[in-house]
Structures are given as C-alpha cells and as structure tokens.
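What follows is one structure encoded as structure tokens, with my remarks underneath.
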Amino acid sequence: MSSRSHKRAVTPSDGSGLSKENMDHERIEHVGIRDSPPSFAGSDEDLTDHYTRYPNRWSKYREYIREPAAEFFGVMILIIFGAGVDCQVVLSADPRVASSPKGDYLSLNFGWAVGTALGVWVSGGISGGHINPAVTIALATFRDFPWRKVPAYIFAQVMGGLCGAGIIYANYIHAIDLVEGGRHIRTVPGTAGLFSTYAMDYMTSVSCFFDEFVGTAVLLIVVCAIGDARNGPPPPGLAPLVLFIMILGIGASLGMQTGYAINPARDLGPRLLTSMVGYGSDVFTFRNQYWLWCPVIAPIIGALFGVFVYDTLFFTGAESLLNRP
Amino acid sequence: MSSRSHKRAVTPSDGSGLSKENMDHERIEHVGIRDSPPSFAGSDEDLTDHYTRYPNRWSKYREYIREPAAEFFGVMILIIFGAGVDCQVVLSADPRVASSPKGDYLSLNFGWAVGTALGVWVSGGISGGHINPAVTIALATFRDFPWRKVPAYIFAQVMGGLCGAGIIYANYIHAIDLVEGGRHIRTVPGTAGLFSTYAMDYMTSVSCFFDEFVGTAVLLIVVCAIGDARNGPPPPGLAPLVLFIMILGIGASLGMQTGYAINPARDLGPRLLTSMVGYGSDVFTFRNQYWLWCPVIAPIIGALFGVFVYDTLFFTGAESLLNRP
Amino acid sequence: MSSRSHKRAVTPSDGSGLSKENMDHERIEHVGIRDSPPSFAGSDEDLTDHYTRYPNRWSKYREYIREPAAEFFGVMILIIFGAGVDCQVVLSADPRVASSPKGDYLSLNFGWAVGTALGVWVSGGISGGHINPAVTIALATFRDFPWRKVPAYIFAQVMGGLCGAGIIYANYIHAIDLVEGGRHIRTVPGTAGLFSTYAMDYMTSVSCFFDEFVGTAVLLIVVCAIGDARNGPPPPGLAPLVLFIMILGIGASLGMQTGYAINPARDLGPRLLTSMVGYGSDVFTFRNQYWLWCPVIAPIIGALFGVFVYDTLFFTGAESLLNRP
Amino acid sequence: MSSRSHKRAVTPSDGSGLSKENMDHERIEHVGIRDSPPSFAGSDEDLTDHYTRYPNRWSKYREYIREPAAEFFGVMILIIFGAGVDCQVVLSADPRVASSPKGDYLSLNFGWAVGTALGVWVSGGISGGHINPAVTIALATFRDFPWRKVPAYIFAQVMGGLCGAGIIYANYIHAIDLVEGGRHIRTVPGTAGLFSTYAMDYMTSVSCFFDEFVGTAVLLIVVCAIGDARNGPPPPGLAPLVLFIMILGIGASLGMQTGYAINPARDLGPRLLTSMVGYGSDVFTFRNQYWLWCPVIAPIIGALFGVFVYDTLFFTGAESLLNRP
C-alpha cells in the first residue's frame, strides 16, 4: 500500500482510473483544474484515524451540495473581482467620484485574472473548478464529465454570477449614483457595462461572434494542455496560476471589442442582476439578443471547438471521446 | 520509517494529527499559511545528527519569542512595503517632490500585494503567518488555534504595524515636509492617509462597513481554500504567491472606497504612529470612531463570516468547530 | 520497479539516458522546456492497464503529426496574444476606434509574455516547446536535438505565426480600416507594424542587428539555465513561468528599438500574412531586406552564441557538443 | 541507497551536512538561493553511468571558473535588464527619441525585478546566486560561506555589472546621443543616472544612507527566510520568483529617493563604465563620495544587520554563527 500510494503521489495519472469514482478524479485531473493530487484520494484511508467522513448530521447534507456550491462561490468570487475592478476603474475616472483614477485598463486585466485564479483555487479541488458553463459543456461533450451534473453546475454558475454582481452593485451603488446623475437613473450600456459585456459600436455581429469564439477556443486549448498529464502540466495546485496568466493576456489582447466574456455565466448572471435592479429590459434588447448569441452561444461553440482541436491533435488520454475505439 | 517519512512527504495531511503538537502543524497546514511540509516536522530526528535544538543559552530564550516575533516582523514588512508605496506614489505626484510621478494606482496594488506575500514568507513557517488579527481571531474561533496565543499575536501584529510605519515615516519625512509645506504641519487625512485608511467623502458608514466586510470575507474564504489539503491547495511554500495575487486583486477591485484595510493591525498600528508623530488625535476622531468600526471591527466580523461559510459548505477537516460531533 | 520509478520522480536527470528515445527526454529536459518529468516516460507501462497506445486508427496518424502540430499551435498562440495586444493597444489609442486607450506599453510587454508562456505550456510536453526557429537550430547545433526534425519544426513554426496573425488580422480588421482610413488602404510600417517588427528611424543597421543579437543571446542563456538539472531549475511544468518573466523583461528593457522579434517565426510568419492581405511587397523591401538580417539572422546567431556561452562555461550535461570527449 | 536518496529528495535539509563539501550545499540551501535540491548532489553517483565528470580537458579548467563566472553572468543579466529598462523608459520619454513613451515607472520596477530573478536563475545552482557583494559579505560573516571565495565573487560581480552596463550603453548609444544633444556630450546625473544611482535633491545624506540600509536589511531578512528549510520556504527552484516579487516591491515602495541600489555591484560596476565612456570623474565626485557611502557601504551594513536580525530571532540552522555553542 505504501509504495502504491507513493506511486500515486509521483504519477498524477497512475492506474487509479478503474472505478467510476476514480475515473472522475482522473477526468478532473486531466482537465487540469482539479488540483488535488490523486494521493489525497488514494490516502483517504490513511486519514480515517483522525478523520470521520460524517462527524455530524450536517456533514451528510453537505456532501450533496458541495459541488454546485463550489461552482457558485467560484463564479461569485470571479465576479466580485471582475465587476469590482470594472466599477473601481471606470467610476473613479469620473471627477465626481474620485480626484484621480484608481486604476487603468491594465488594472482591469489584472482584476479579471485574479478573479479567475481565485475562483478556481476556491472550487478546483471540490467541483473541478469549471466556473464557466462553456467549460462544463465542453467537458461533458468530449470528456467523461457526467451530463447529469451539467444542469446543476450551470445553474449554480449563473446564480454565482448574479450574486457576485449584486454584492458589487451594493458596494459601489453610491458611486454609480454619482456617475449616472441620480439614484433613479440607470443607462444601458452606460453603467450596465460595468457588469456585463456590450460590443464596441464599429463591430459587426460576425466580428463580435468571432472575437468571443477565438478567445474561448484558445482558453480551452490551454486548459486542456495544462490538464494533460502527458503534456508537461504545471505542478498540482498551480493550474490557477496559468489561468491568471491566460486571462491577463486575453484581456490585454482580445479584450476591447466585446469585453471578453468568454464565459456565459460571467455575462448572463450579472446581466440578470442589472435587469433586476433598474436597468430594465434594455440589457436584453441591446443589438437584438446580443446577450444570447455573443456572450453565451459563441463561447460555448468556441469551447467545443477548442477541446475538439486539442483532443484531435494532442490528447492521448482514454477519457476523451476521440480516443475511444 | 523511511516509507513512513516518505508518505509524510507526499501526503501533506497524513496521520500525524494525534498529538497536540502535531495537531498544531495540521491546523496551520489547513489554514494554508504554514508552508513547511510536515516532512520537516517528521524528519527532525533525521536532523539531530548535525543539529542540536539548543546550541547555546540564547537559543532557549528564542523559543519563547519566535512566534510573536514572526508576527511582528511579518506585519512590519507588510507595512514597510504598503505604507512605502503609498508614500512613494502619492508624494512623488507632487511637483515639489519629484519631476514625474514614481508610480501609479496599480503600483499601490502591487506594493501591498508584495508586502503581504513577503510578510507571510517571513513568518509562515514559524507563527503560521497570520499577520492579521482578523485571521488570528477567526482561526481561534472556528479552528483549533489556541486562544491563549491570541493576545500575544495581536499585540505583536499591532506593534509591527506601528514600527513599520515608523520606518517609512522616517524614510519619507523630507518629502512629507515638502508636501505638507513645513516640518510642523501635519493634516488629517492629508498625509495621514499614507499610513492608515480614510474613507472617500461620498461613502456612508454602512457602505464603509460593507466594503471592509466583503473584502475580508473573500480574503478568508480563499485563505481557507488554499489551506484545505482536500481542495487542491498550491504546493507547500507557495501560499504567499496566492496571497500576492489576491491582495493585488482586492486593491484593484475593492480598494478605492475605504482603502482596503481588511486587517486591523495594518490600520491601527500605523494610525497609532501618526497620532504619536504629530497628526494628533484627529486620526481617531475622524468620522466618529471611524478607526474602530471600519478598519477594525468590520474586518474581524468579515473574517469570522468567511471562515464560517467555508467550513459550513466545504471544509471536512476535523480541526473545524463545525466538523465536531 | 516501484523504488526505481520513484527515484525517477525525485531525480529529474536520473540514469534514464541510455536509449536514444530516453536521451531525447533527457535532451528536452535539459533545455528546460520539456516539462513533463521523466517519471511519465518511465511509468508508461504502469498506465497501460487503462490506456492503449492506439485506441483507434486516427491515433496512429496522430503520432506522426503531433510534434510539428504542437509547434504550429505554440507559435499560433504566441502570435494571437502578441499581435493581438499590439492591435488592441495601438488601435485603441486612435479616437476613431475607442474613446480611451485599452492598454499601454506595459500591456504590450505582458501580452507577449503571456503568449510565450502559454505557447510553451501548450507544446512543451509534446514537441519540447521551442516555438522559435532560433531555439530549434541552436539545440540541433549544440545539443542532441535531431537535425532531421528541424525542417518540419521551422515550417510548422512559421505557418503557426502566419495563421495566428491571420486570426488577429480578421479579428481587428474593422479597427484597422478605421485607423488606415479605409478598407483598401494599408501602409508600411503603419499598421503592418502591428504584426511584424520595424526598427525605429534613428537606428543604424549595426544597432538593429546588435539589439536582436543581445536579446536572443540572453534568452538562450536563461533557457539553458532553467533546463540544466544541475543549476537549480524551476519545478517541472513551471519553465513557462520563467519565460513569462523573461519576455516581460525583454520587452520592457530591450523592446523599443527593434520590437524584440528574437524569434524568426514570430516575425516572418506575420510578415508573410501582411504581404498577402494587402500590404504588398513593401514589408520585405523596408530598409533593404531588413526582414531577413534583423529579425531572422540576428536571432539565430544570437541563439547560437547564447548556447555556446552557456555550454562552454556552465553546462556539464553529456548531451552538449562541448562536453564530448 | 534508494530510500536514502529518496529521503534526500523529500527533506531539503537532511543529514548531508557533515563533510565540508556538503556543508556548502547546506549553507547555500539555507540562504535560499541555491535552488538545486540536495538530491542532485546526492544522486551524482546515479548519474555517472551516462555522465563523466571530465569528458574533455576544457571541462577540467571549467571547474575552477564556474562559480565566479556564474556571479559575473548573474550580475551582467541583472544590469542588462535593469539598465536596459532605465534607458528604454527614460530615453523614450524624449520626443526626439520616440513618438510615445515605451514604458512607465512601473515598467522600471518590473525590469529590475526580472533582471534579479533571471540573474539568480542563471547562477543559483552554480555559485549560490548571490549576484550582490552585500549578500556575499553577509553570508561569509554570519553563515559558513568561505571568506576565501569572497574576493573572487565580488570582483566577478562588479565586472559583470560593468560589462552589462557596457552592453546596454552600446545598445542605446544613439538614443543617448539624441537626448544629450550630441555624441560628445555626457552629463551627470543626466544620462549617467540611467546606469548608476543618484539621490533626489531634497535628500539629506542621513536619509540616503537610511533608505539604502532599510531596503537591503529587508532584502536579506526575506532571503534568509526563503532559504530557511524550517520556515516554509518556496519549492526548490522558485526562490528567484520570490526575489522577483520582492524587487518589484522594493522598487515600488523604496525606489524613488536613492534609486534602490541595495547592491554595490549593481551600482559600482555601471558607474565605472560611465566614468570610462565619457562621463568622467563627476560620477565619483557627485555629493562627495556619494558613490561609496550610499550605494556601497549602506547596503553592506544593511545586509549584515538583516542577517543578524534573522539569525538572532528565527534561524535555528547550525551553519549560523549565532547558533554556535
């Protein structure tokens, strides 16, 4: 057992992939977001001496809600940092709010990168740290993430986005009032653009779709790579650091035209919040159904394309649809 | 022994949690700040051949002061970088001091992030690297950090903040004189805001409290996550890197309205220093007792809330109050 | 076997260097880009229980194209981020495109650093993650990277640069039209400088050559160092993080005069794209054959010099030409 | 042997501290710059099957020059990035050189941080990666770094600084000519400030000394901490990442008043270069012997103080002077 649990420890993708439960670990391991090395799974029995699975009644119920709860908090933290930096940088640029701007465009890129990294660090070991419906759908389609979990994941992700946006809206409401010119004035895009994405004026619909498609495809190709135990992945627990670097870059390189949603929950959750707190239905009627085809459908298709490309050309793991006999 | 000490090495949370002394290691391990892997504790006996615990008399006394001294230096380094970057960026923006500004708002975010990371790297393996009374109190409340250590920790943290602010005040005193317009002129907030936090004018008291509450709650949720051996934590020794990323983000996203104290010692220590060096009692009378309820009480309540949420929903370790039978 | 595969795990450069196939792993290991620890190679047989090398017919063909495909995608991702950040920052500075600039010069440095790191994370474990013909040629000359692979690598790298630039050109074409003043107007350097490098006016040819030479020599010295198992390399999987830091610095320190190509594929691929989409032959006639001697020949010579210096003074590995009897 | 080499691997400071040669490894290990885990030293015999210590005659000579050569290249790379970013940012701010500035003050902080990290990654495993005479002297005084090596180290460090500055001077000479207004005009500080440090006008001599003293003391306290195997150090090979974070912070927080030399070789080497290429003796007569007491003596005293404080309060390793019976 000792030498075995040891081999687990040094070989992230060892033979522990037989039972469904372990396949799950394998799967998450391979998408590189599940960061806890299999040794933990492997050494649970070693822990039981000072650790009982269900110390009290609540801990039993907890088992059922942990995964969606992790996705909820992951996206909530993403939005607290992301929408937060949008509000701080954009609102502070208004002299009625602050004497000097409290950040610049690069701050926006860092804020979203921090939110993504921390969101995954909070949820990675529990739910796999998707915090993005496009990732969840792509992994369910091409890898062995179970479809039965998809609805709960996506619902939790969107709700997390909605609640995170609510926290930031409550936090910066006085500054928003100052910028909008009054408590009852809310304009779209205007300050609605602090929470969800709106394309620049010169952009055509095709360009908007293409921008989100490219960003999400690149996102998933890299996510697959850093989760591929045969492609020199980062050490366990540091996948979020790679995501930090990647989101920083996507914001700096592919950020200005459509606001790099590349995540339906990151956009739809906050958009629902804005529609609820006074921005009205305009957030959904902007550029007929922009909210649907640009920040929701384009990322999902881009994610599917990214995983398809990676699995076709590079991935050799058995859990990929494309590596089935 | 070999295979055992080896299992220690690959399994951060192995069965070494029985004796109180080891529980401590476990505990700190679980809050993710104690970075030295248990293997060190486990292999002390391997070291004794070239290492005696008490080579001389002083080393005996040292045992008693190491932990509070680590907290003292941790906070001192935090403030040297944090108050230092405040002084450099804000003072250099004045043409009487420098021909061009020596940093921008993003520099402030980086400076505080660096201070936090280095403060924890200096103290992490010795005291657990709290460097924040809110963290200490939350861990004593919900985890098994011993209450008897709390007073010494908090005192050391506040004194570290006071001394760090003193070093920076001495370092930038000529520039402060230039900006204030004379050696005997000190204004509040004015340059007092370089050392401790003061809210923006448009902020209501409720908003101030909420801002600090949210920031500290997020801080603790992430701290709990990166310290949870079952939630894909970063490798031993890299928790401060996650804190670097987080404080960078908190400053960029939740920084402008109340100056993101999120740490009573970070704010109270420097505030005491300013009251001593000529800013007078105004630093305490600002917005009646602002110093107490906003940067002291709000972070403590936010920290308690953050750990409560994490332990309720995610944490399965036996050292949490919520996982007791 | 267990203790052996274990020693593999803890000793990156263990005795696995006898068969040619393993020498390859050694080689890539030593250039510090191949990030997957030899344990994977060593434990393939452990995996076979749930993993068959060729699950289906396609997986057989895949074997032959994986390495060049990895180089192709590595450079494509590098250019998507690099040319992308050039377009976003430079085009958004034009009021006809955006109301405020969407990034500054430091954003450019970060964008190229992100592209390099992610490009290597995607290709590192498969092709060695050169994503730079100068690196490929230098390793084939002084290390034991097989010359027979060089043509396919370089072709794939240049094509990856061309395709990446095409994606970014398509993504920002409307903004380019706005800046150029019309759909059929394309100027060199003008917006051609967003994709490939052009020297500043005051630079002499010698200075241009020297700038690229120095940058690439430093690049290769560091690449050799972080790949040298006897020179305290970063943990497996984190070499791209060092590259991120290095490219950030090269852009900030050696970036302005010649645009730090330091990579023939990064410059020639996008230059071919610009010549195809309407910028015409001017991209090649600029400063007679600038495209050839500055961003192509200088980096190759600099890379050869860098590896020569490192291997002469520091490297003790048997795979270096200079350590042959 | 296997289990032993294994214990080496998982226990950075194992019992290998008896022979002088290993004490060296221990020593360097403990100052946290030597990044190669002792396992390499320990497993040399495992390597001999495909590796002979002296494959040819040159490799014998190499043994004698490797350590100073590593220090030389470490400092040279530090200055190439550091002086390079100074030149790029400051010179490009002049409209005669560039149409827009190619970086801001934060870029300067990143450039010096990158140079430090890469300088240590290049030299860390060979010479211990001091790249700073103050570090060398402090370790020789309080730890067991042999005094006999000190002169060669310091000479190599200063020469590395001189050569690095020469490379950057040659690289940016045309831009310097444009800013100075002619090929034969060189002013002090003027463009001499691009290579070595000069204090701001309002600074008193005491303040200058204090600024450098504080910066270097903090530097060494953190260096000691990340090298202390009992204080939760970063993983082997990542100490330069901590230095990257620290130098970024020192530049942002303690950078503007004296230019944060905190390293005699970083300042004296380039200063010698400037005195040789036309700036004349003014670089030494500025503020009578400023070059000596501020960027040379203050850092050395600060470094001694920093190590003294850390070893007194925290360090328990046997290689410290303060832990001798």
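Every chain is named by a letter (A, B, C and D) in the order it is written, and numbering of its residues begins at 1.
Note that a contact is a pair of C-beta atoms (placed from the backbone, for glycine too) under 8 Å apart; a residue touches a chain by one contact, two chains touch by 3 or more.
Everything quoted here is computed from the prediction, not taken from an experiment.
Colleague: Work out which chains are contact partners of both chain A and chain B.
Modeller: Touching chain A as well as chain B, we find no chain at all.
Colleague: Counting residue numbers used by both copies over all numbers at the interface, does the chain A-chain C contact come out same (over half shared) or different (under half)?
Modeller: Answer different: the two copies use largely distinct residue numbers here.
Colleague: Report the inter-centroid distance (CA atoms only) between chain B and chain C in whole Å.
Modeller: Taking the average C-alpha coordinate of chain B and of chain C, the gap between them is 39 Å.
Colleague: Using CA atom averages as chain centres, what separation in Å is found between chain C and chain D?
Modeller: Centres of chain C and chain D (C-alpha means) sit 28 Å apart.
Colleague: Check each residue of chain B and list the ones that touch at least two other chains.
Modeller: If we look for residues of chain B contacting two or more partner chains, we find 3, 6, 10, 104, 106, 235, 238, 241.
Colleague: Can you identify all of the chain pairs that touch?
Modeller: Final set of chain pairs in contact is A-B, A-C, B-D, C-D.
Colleague: List the residues on chain D that touch chain B in their complex, please.
Modeller: Against chain B, the touching part of chain D is residues 3-4, 6-7, 10-11, 13-15, 17-18, 104-106, 109, 200, 202-204, 207, 210-211, 214, 218, 221-222, 225-226, 228-235, 238, 241-242, 245-246, 248-250, 252-257, 312-314, 316-318, 322-325.
Colleague: Where on chain A does chain B make contact in their complex?
Modeller: 2-3, 5-6, 9-10, 34-37, 39-40, 43, 46-47, 49-53, 55-56, 58-59, 62, 65-66, 69-70, 73, 77, 80-82, 84-85, 87-89, 92, 97-98, 100-104, 106-107, 110-111, 114-115, 117-118, 121-122, 124-126, 129, 167, 170-175, 178, 235-238, 240-241, 244
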